[in-house]
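What follows is a pair of complexes built around subunit A, which joins subunit B in one and subunit C in the other.
After this line comes the complex of A and B, so read on.
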């Protein structure tokens, strides 16, 4: 088991290095370099820098070196926690993403928790009472939920909030707290603003999760071990919760892998619509503006999150699924 | 001797949108303490549904529509009418596992792969013995595994079903069924998935345990060889109905129903002429939605009486020697259609 874990860890490391190289290549893909962009921007605003100054800047950022040296420098800086400067914001990348990253994680985790806490019980109910009126109702809601794009739902809810309750429901903070330093009152303000984005972000995933849980559980409910459990004298509820539900949960452990990067990048459009101060809109803007170091850092971050997520889901699966545990030595 | 379980005219139907499947359609038999009743018939004749009906574990769209299942509890109290108890009620759950236990054909899928077999056996013990400590339950589980001939019982308890061989798995399954020393053990094709040597061992084990626990066994099988080995009493089922019933010797030496005779003829014999074809029963089991009118076996029967067997349905009538048969070749008693 330890050997398995070590192997997975090494693989994760190799994958991360590959991803970092790939992110770097993506940064380099647009023609020209950071300095060309910088000069273009300066000349667009009417000022200019001399050729010597430009060369000095290239020297400073190491841009006149061969690409593999540049990659080495970039990685070296990242190892020391320096993600470079954002061209557009003229601030260190870590500063630009920093607070947004935490807010993103808060919003996304809340959305995932909401999704799971609502979807799993409904999925179980729908499977156990298959073809009951309740099952049909949840199926209907589920398909509507899948069919409505969540940014559209966000727009509709914002319209309703504005039109009928005369309140601006976007954002994660009230205007008073937007730029205020962190305090208990600011946290409470955020908590009050959370339900809408969480609902909008969670609904689509929830509908999908209900369908998956229902299908998984329907498969498991027909297995003989359920009859065995009931034949022992367990109540219906005990038997179902201990055996088939446990088995039906397995596929969820493997979804953790892509949930983690999704928490950062999956909500770009909704975040734009709802005006959420999360990483998604920054990524979009940096891509449009060719803000290379910022975009590269976020892409690298997403890659690393995917690797970590996959590692976590592997370990989770090992923990909850004995068949994997015992075949993995 | 008084029976501990009587099934009378049991009917379990499955109501599907395509039509009604009469999985069990008038099954009657008795189970006596310490004896083995063999329930035999082709696949699809309703044997397993009969077993599940007794434990009230028939799932929707299935339902017991008629008949009675009387269970006589150990304390000599009043007989319980199982068909009238709520299927998820306390009384029924108290009977399951404690009074009547069940083992299956496929021990691989009958165990959950998510918990150790020890966890599942100890659960079976503690459902009906709530005061028992974890350690005491574990000790009892080890003891059960030893009794069912599982070597290295202590270690096996912490294993998962997929880590055990087929034979061991079935032994562990039997151990779990015996957790609360049930009075009736329903064994649904317990040896079908096993190779012949293991099959013999498991059958010997069941016989052994029956002697030491004094329990009754309802043995469900399509294998006449297993019946000959194990059963005291035999009920032959065809299309959800018991067509012949009697002591095992009589069934084998003087079968009355043409179906029983055909079944016995289709067993390969050691004296048989090599390279000759084994006799088969002509035709096949009718589609569940289109049961034939009259005697359900008449389309495949070589001795059918024209104008009688295809019009009327014979009742299961007891003959002078105690054997019961549902066939117009032997009596004129018929089922009154309602």
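After this line comes the complex of A and C, so read on.
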């Protein structure tokens, strides 16, 4: 168990380093450095700085150092919570994305909860009542979920809402609450707005999970121990829920590690379509404007959060699944 | 299973028995690929999807033949014209025609609006002349599948309406299909190369090579891909031309998309490595390359084909998503994602829903590849139950 835990922790660490390196590469990709952009911005607003001043600034930011030193400096700052200044917003990056990052987490987690809570019972139902009309209906929904990319689903639902119900179904808050400080009423307002984005984000993953759960449970139900359980006089509910479902859950739970990155990834583009105040729209804007410290920080933070989430889900899996706990011995 | 129990001939009905043995003999002498084909044919939805995909790729080949106006040709005056239906019968006779569109000024808004004029019917002809292009990339011609007799298509042929800049949606959709579907194929080819190379090395050598590659796959899969794609795609310089952007986007997509294929290939290598025929080849002194390409690859090629088919939709969605965000292909390139960019604004979508037209082929092709992939995967192992 300890070995499994250590292995997971190490992998998470290596992944974090890989993500930070990738984010740094992305920051460095556009031609020119931060100071070049700063100068361009200054001259656009009418002021200018001399070459000596520019060089002094480069010295100060360590931009004339080799690339790996720059990476080290950048990482050192990030460890202290300093993500640099956003050129476009003229504010520290952490300020720009602070609240949006939390909303991204809220929306993604809600979507995963929804995926789980809906996919699990439907998967069980589809397996137990294989080839029933209900099974066919859910299979159909599953295929629709796989076939329509989530941003397109968002577009279509927005269109339907606008055209037939004459309401703008996007957003995460009503107009009254958008800029209001946090309060119980604002949280409630958000909860009321969550179902649509959660549905749009969760449908794709849900469709996949239903298929996995159905297939796993069907395999289990064919095993002789289920017959034995029935022969021993267990009720149908007990005979299904107590053992086969639990056994079928294992592969199901292990896919959660991939569900999280998938959902976070989807939240970026869905937020743009549905106008959600997550980091998605900011990321796109910063990339278009080549505001690279902001963009790199967002990519880094999203990646690290996903790694943490995956680690937590691994630990949970270890807790509910004795096979993993004892396998490592 | 009942069939596997040797049948005791109780009924001297030789005819039935002969047919049975004939069928059995046919199965036992059939090649692996024949067996797979028979198995695949039973998967009706898979076969149907295969036909749909062939049709889509015919559109890819003959995109400019099917388009009837130059997809880049814009006219601000004819912006956002609604799709105009083809009228098939004229006074009970089969004579496909369209109504000519006449421009009028709206008395309230003073906007120029186009309305069909039922008095002026323009017949549709096959193989009409239009803009010049090269058929199959070689033969210069100006023949298009449909057009209007004695009038330019702008007079009234708007199968899917026009976009904001007055460009014909049908023609753009045809050329967009070409871009999106070839980018998918090219991307999957690069992914396949990476997947087979790295998955093969991983499964073949095991040890630290395997561990390293497995960790790379795990790490790649645990990073949210869209932000990463966006970051990389945004770095493609604006000054690059359409072809350069096309290839860089393809490479970006496939760099992250190869992991699933790598996993499949590795699994196959691992299981085949233990097979007797591999050992036999080794003992017979076959070289490493010969063992891989002569003995191992043919026995899991079918699995790779199935996995590749299932990987294609992800490639197509990635390109569509990136272009939709404005970070993938950029105008003047046309792809499904570029077309959907116009549909981003829900207000304009509510007034002109045909801007969403490109969503339909996306959904159809994703479903088709999924069904075909399912069918191929079932058929890939014809010796199983």
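General remarks:
Just so we're on the same page, the second predicted complex is superposed on the first by the 296 of 329 C-alpha atoms of A that agree within 3 Å, B and C clash if a C-alpha of one lies under 4 Å from a C-alpha of the other, contacts with A are read in each partner's own complex, and residues count from 1 in each chain.
Everything that follows uses one rule, which is that a residue touches a chain if its C-beta (ideal position, glycine included) is under 8 Å from a C-beta of that chain, and two chains touch if they have at least 3 such contacts.
Note that this is a predicted model, so its numbers are computed, not measured.
In the superposition on chain A, contact of A:186 is made with neither subunit B nor subunit C.
In the superposed model, A:8 makes contact with neither subunit B nor subunit C.
Contacts of A:223 after superposition: subunit B is touched, whereas subunit C is not reached. With both structures placed on the common chain, the touch criterion links A:77 to neither subunit B nor subunit C. Legend: residue contacts after superposition of the two complexes on their common chain; A:58 is shown touching neither subunit B nor subunit C.
When the two structures are aligned on the shared chain, A:236 is found in touch with subunit B, with no touch to subunit C.
Touched residues of subunit A, counted separately for subunit B and subunit C, are more numerous for C. Partner subunit A is touched in their complex by these residues of subunit B: 52, 55, 57, 88, 93-98, 101-102, 104, 106, 109-116, 123-124, 127-128, 160, 162-163, 176, 179.
If you check the complex, the residues on subunit C that touch subunit A are 215, 218-219, 221-228, 230-232, 234-235, 237, 317, 320-321, 324-327, 340, 343-344, 346-347, 349-350, 353, 356, 359, 362-363, 366-367, 370. Against subunit C, the residues of subunit A that register as touching in their complex are 11, 14-15, 18-19, 22-23, 26, 29-31, 143, 146-149, 151-152, 155-156, 158-159, 162-163, 168, 170, 257-258, 261-262, 264-266, 268-269, 272-273, 283-284, 287-288, 290, 295-296, 298-299, 302-303, 306-307, 310. If you check the complex, the residues on subunit A that touch subunit B are 223-225, 227-236, 242-243, 246-247, 320-323, 326.
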